[in-house]
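One chain, chain A, appears in both complexes that follow, with chain B as partner in the first and chain C in the second.
On to the complex of A and B.
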């Protein structure tokens, strides 16, 4: 039965992909990538600027100031800051898409393409998109200031679990433990 | 009004309903058989039309393997009708010989699709060689494991499962190519797009119907034949307008170039994406 499901998935998956290809028949591929714009995005300072802006958007300093000086404006601040945060995340995604579009347009015609690098880059890119999706969900559900605390807690829990597992593993052979740590 | 619920129906009424339903099933089956025959002959007419147009337009040689496959299918269909009608004792041998050669031609069509799509994109071609290589090694490995385990292979267990496995390999090869086309935004011309959509549809439906046939057995036989012929007809309908005139594939935009090599570009792209991801996660 399991094999039958796998084969059915293979057949239906192909039909689904064909449908996607068919539906996008009218859309012209974006061959004309703006190389200059994407090259600018690759510059290190663009990423640094984005980081500083993100820090400012999600910083609780403005919320603390409003709560102290004008508590009645709290909801308005949260609403507008949520919109700005989502816009910032969307801009990060657009920037990454432009970088990837340029990379793929150059790489597909380059005989020196390295499949290993391509897989690594693709994995990194999809991990980035997943992080953006998670960030958007959190900002929508909890707002830009509260969601910061949730993710910080998640990271703290993860670190705690890691230290716990290391304590449990202390009874193991040290060589084996070192091997596990280095994985 | 004096209405009676089904539970109150008499034997005569229930008998009438049973006879009516049986007649309906019989008529439905006959209609399906007739439609199957119509679909079979209509698809052959469309294939013949397509081959004539390819000769007239002088683009038979542009997709030589594909048109050879179509020619073979047309000839085999016509000869099959003759053998089945007048030489039924030779039908089984004829079917198997022609099936294996047809399957080999099918793989040649897949190869031709790959060649045409990736001709102007050596980077993507290299990626395709890697993916297809890994996949075929996996298939070979699975076949060897089955052989060494002493388990009966698909060929011995069931003819239908063997056909299904052959088609499934083609389906996965096409899927890999579609993923590459989508990821690297490879432009497709009208001919190539029609070829991929039509052949992919044929293979996809074939895998699904063969899987269902092998699961449900003879109960699915009539539906299998109907779906097979229908998918053949739909595929022909896709191919005829796609190949009515020859349209060369669009060339890639060579204006995109950077003054750095591939490795440096990949490294910069990787760092840019990694920094963007860190920026997203850092704010939390």
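On to the complex of A and C.
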């Protein structure tokens, strides 16, 4: 009797999971937005822009200026810049998620998957998310100006992920890619 | 965009820079001017002189491009430079600096002068830097001296 109940619960759980997956397949507008975001992210100038913006946000030049000219505004600058730094990290995470969603959409329609490549991309994605989490913690604890080194590594992992995604999309038929983006 | 219209936009942009923007002192004044050529409701840019010399579309694209360029220049400016720009702008208005600073703090006009499709993080960075610049410039006006050297002396 006990085993029957366990199997029934497991069966219901699996049915629920299938239902969730089925409903997620119908999320067309979200997918389209993600595809647009991912396309924008993969553009070379978008990556350069993100890097330049990151460099500007975490640059210690403004803090040095404030410490020299208006030390009483130090806390205000740190508070303001912390908010901006966290926004920038969140934006990078959103962009990486969008790339992975596009990748999943591509993988669903692509029979010839390369397991080694898939593993490399997944490993980079999780390394990127871990770097983002670490950067967020450091920004909270030590402030944006002291977290500059982590941001540099975050940009490096992001670049690696971008080049892997580019490699993946380059090998695809443009017609199929367009079809996936419009789904 | 066809080659002809691209040439038109380049020409319109050059014309805008040489005949108009060159006579507007400072990046903040240029940003305000370029934002003022945009319709608040539609987000479209209008400039009769440019549209007359080139085409309406070329004028619109040139204004949009110049607006974006000035905005990006200010976003990537260091705080020190932004304070100089803001100080220069306040002086160029010939109005009472304290009144301008109060108005900018209260109404935050800088929030409506950003390009429409700009990066949200970039715009937040600019707003934040302007808030700090206002706080620095306000100090000598209110008698408190958090800044040891005025922004105009930095130039």
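To be clear about the criterion, the second predicted complex is superposed on the first by the 111 of 183 C-alpha atoms of A that agree within 3 Å, B and C clash if a C-alpha of one lies under 4 Å from a C-alpha of the other, contacts with A are read in each partner's own complex, and residues count from 1 in each chain.
FYI, a residue touches a chain if its C-beta (ideal position, glycine included) is under 8 Å from a C-beta of that chain, and two chains touch if they have at least 3 such contacts.
None of the values given here were measured: they were computed from a predicted structure.
Of the two partner chains, chain B is the only one touched by A:15; chain C is not. Contacts of A:107 after superposition: chain B is touched, whereas chain C is not reached. By the document's definition of touching, of the two partners only chain C reaches A:87; chain B does not. A simple residue count on chain A separates chain B from chain C, and the partner touching more is B.
Contacts of A:120 after superposition on the shared chain: chain B is touched, whereas chain C is not. In the superposition on chain A, contact of A:72 is made with chain C only, not with chain B. Using the contact criterion defined above for the overlaid structures, shared-chain residue A:57 touches chain B and also reaches chain C. Within chain A, the residues touching chain B in one complex and chain C in the other are 57. Listing the residues of chain A that touch chain C in their complex gives 49, 52-53, 56-57, 59, 61-62, 65-66, 68-73, 76-77, 80-81, 83-84, 87-88, 91.
Chain C contributes residues 75-76, 78-80, 119-122, 124-125, 128-129, 131-132, 135-136, 139, 146-149 to its touches with chain A in the complex. Residues of chain A that touch chain B in their complex: 1, 4, 7-8, 10-15, 17-18, 20-22, 25, 29-33, 35, 39, 41-42, 44, 47, 50-51, 54-55, 57-58, 89, 92, 95-96, 99-115, 117-118, 120-122, 124-125, 127-128, 131-132, 135, 138, 147-148, 150-152, 155. By the touch criterion given at the top, residues 120-124, 126-127, 130-131, 164, 168, 171-172, 174-175, 178-179, 181-187, 193, 196-197, 200-201, 203-208, 210-212, 214-215, 252-258, 261-263, 265-266, 268-284 of chain B touch chain A in their complex.
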